[in-house]
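Next come two complexes, and both contain chain A; in the first it sits with chain B, in the second with chain C.
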Partner chain A sequence: MALSADEAARFAVVLEDHQEALVTVWTERVASTLRGRLSQAELQRQNTELRRGFQQALAGAAQDLSGESAAELRAQLSELSSTRARQGFSATETAVSIFAFKEAVLATLDAQDSTNASTLRDYVALSALVDEAALFTFDSYVRVREELIADQTEQLLELSTPVVKLWEGVVAVPLVGTLDSARAQVVMERLLQTLVDTSSPYAIIDITGVPAVDTQVAQHILKTVVAARLMGADCIISGIRPQIAQTIVALGIEFGDIATKATLADALRYVLAQTSKKGR
Partner chain B sequence: MNEPAQRIEVASDQDVVRVRQLVRTLAVAVKLSLVDQTKLVTAASELARNTLVYGGGGWVEVAQTDNGRRKGIRIVFSDQGPGIADLDLAFTDGYTSGGGLGLGLSGARRLVDEFDIVTAAGEGTTITVTKWCR
Partner chain C sequence: MERVPILKIGAILLVSIQIDMEDQVALQLQEDLADRIVATGCHGVIIDISALDIVDSFVGRTLATIAGISKVLDADTVVVGMRPAVAITLVELGLSLPGIRTALNVELGMDLLARERFQDEDEDEDGPDNAETPVVPAP
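The block that comes next holds the complex of A and B.
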């Protein structure tokens, strides 16, 4: 049941005339659902603005949320969802803040004497608009959260693949966590670039922090080693724990002539022995 | 009696990671040794990835099991993909129809105690593996 132009205009007047009472009731309701995690003053400010948004939309004869006159309101709702999402509120808590607007309007209507059947019809029509607004909040909330997650995934990718210089001519990549294709790609690029930048002849790939080495992980590591070799660098794989060694054997993965060591310290000792042998 | 099985739908790489985590949790719960945990988790990782890559997605069910004497973990991998026409070929080390090392299926069989595969061309694949506590 969409809002007619008449009804919209009537509510615009109600929202304007009773703004203070309305915002007070609304803020109380929202505050009780958020249990003090947002200050009363902050809520009051948000609701005052949102009330103005609703009022302007209605004054502009908005029949639903998609109209031109509701553009301002939509922007405010997106803004609200985005701040709530970043503050860690749940989607329900965010949407309920909007639903509570209905209760506030009802309380305002109750306070008037002229409550009758037509008021009820009006209210149901307005209710549809508020529902739409709440659903819109819900949608924007989910979108903001998805953006947040995508950002964090990217940051994590950057964070979890450092290439460190261990010694003169020796760089190391300590791998931690799951090595999927995206991360393997980042690792390979970083390692190869660092090899060039530091002109290191040795690279150590440490897999102590990789919980399970399956064929996909092994394949990624092997490809990285081959690429490093093409650039003239020798790769050593370290951090092969007993259970990983047995699993690799059972799987039948061959590391060929690639040097592998149990610990990073062993790998470094091995590299230093190699360099002193070559008299570098 | 057996615990209820936990099912994970496999539709993306993240789901393979979830399968791995679930298997590890249950393997720790039935007190598999560290080596057996790692073997089972690796086998689960291989087979779940096969379900995803070759079977086009499906589901994995992980449950504790018991044969009266020993406890263990039973995992079922099922997909409605193209199935495997030539099992002997598929179990040959180094053979792959994708871009992998060709060790996943045969390697996974070596990593578990019991391995059962039901498949036919065009009818999907269901693999059941069991690892017992020593």
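The block that comes next holds the complex of A and C.
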């Protein structure tokens, strides 16, 4: 049920005339749902701005949220939901902040003391607009949260795959956490690039931090080793825990002629022995 | 037609491939390289592919053929400078370039060749030495 131009104009006047009272009631309602996690002053400021946004939209005879005059209101709503999302408020708490506007308007209308059937009709129409605004808030909230999650996933990838130089000509990749295709790809690229940058002919892949090795994880590790070999570097796999060794054999995973060591120290000792043998 | 230059550095021939390997280019390179190995008597060949964006099965086969030809003429071949992206693509395609030795860069490639040469000579010397040791009586 869309808002007609008349109704919009009438509400714009109501919002203008009773702004003080309206914002106060609204702020109280919102504050009670947020249980003191935002200060009263902060809410007051937000609601004052939002009220202005609603008033401008209504004064511009906005039928719904997509109109030209509601542009500022939309901007305010997305701003609100993005700050709330980043502050860790739930979607409901964010949307309820907007729904509370209806109660505030109702309280204002009650105070006017001239309620009749047309007022009710007006109110229902306004209510539709507020619902739309709340849904919009919900949408932007979800969008912001998804962006957050995507950012964090990327950061996790960055964080979890360091390539460290252990010795002159020896680099190590301590793998921590589950190795899925995306991570394996990042690890592989990072390792190969480091091999080129540091011209290290040896790489140690330490899987102490990998909770489980299945055929897929083994496949990823093997691919990395083969790629490193193609480039002229040798890979050693270290940090194989007893249970992992049992799983590897039970699954029939073949590491072929790739050197595997129980600990990183063993692997380093092996590499140093190799280099001294070659460099004699 | 484009040709791949072959540079002689000490006892090593350096081939840096910087153009697309087409049939004609590859055949010409094989021919030129065989001639040069015989002419110079070099014992090592380094093929630098750091400028190649794409290494497909054809290039892989060409490299293997070159390595084979060199082997027959008593020269070791090392392929150097493969880019990470190329290595990843080859692995994804399941190509492992059999019969080709690799090194990360030209320097490490030269080290590898020098070491191999040294070992070969060592073994050649060791062989007769060991055989003779019991025969020669201690003074």
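Here, the second predicted complex is superposed on the first by the 279 of 280 C-alpha atoms of A that agree within 3 Å, B and C clash if a C-alpha of one lies under 4 Å from a C-alpha of the other, contacts with A are read in each partner's own complex, and residues count from 1 in each chain.
Operating definition for what follows: a residue touches a chain if its C-beta (ideal position, glycine included) is under 8 Å from a C-beta of that chain, and two chains touch if they have at least 3 such contacts.
From a predicted model like this one, the values you see are computed outputs, not experimental measurements.
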{"item": "Which of chain B and chain C A:Val13 touches, first, second, both or neither", "value": "neither"}
{"item": "Chain B versus chain C as contact partner of A:Leu120, first or second or both or neither", "value": "neither"}
{"item": "Partner chain(s) touched by A:Lys278 [first = chain B, second = chain C, both, neither]", "value": "second"}
{"item": "Contacts of A:Ala265 with chain B and chain C, given as first, second, both or neither", "value": "neither"}
{"item": "Chain B versus chain C as contact partner of A:Ile244, first or second or both or neither", "value": "first"}
{"item": "Which superposed partner A:Ala228 touches (first chain B, second chain C, both, neither)", "value": "second"}
{"item": "First (chain B), second (chain C), both or neither touched by A:Val196", "value": "second"}
{"item": "Partner chain in contact with A:Leu148 - chain B first, chain C second, else both or neither", "value": "neither"}
{"item": "Common ground on chain A, meaning residues reached by chain C in one complex and by chain B in the other", "value": "none"}
{"item": "Touching residues (chain side chain B, partner chain A) in the complex", "value": "13, 17, 20, 24, 34-35, 37-39, 41-42, 45-46, 49, 93, 100-101, 103-104, 106-108, 110-111"}
{"item": "Complex interface listing, chain A residues touching chain B", "value": "178, 180-181, 211-216, 218-219, 242-244, 246-247, 250-253"}
{"item": "Partner chain C, residues of chain A touching it in the complex", "value": "188-189, 192-193, 195-196, 199-201, 223, 226-233, 278-279"}
{"item": "Residues of chain C defined as touching chain A within the complex", "value": "78-80, 82-84, 86-88, 90-92, 96-97, 101-105, 107-109, 115"}
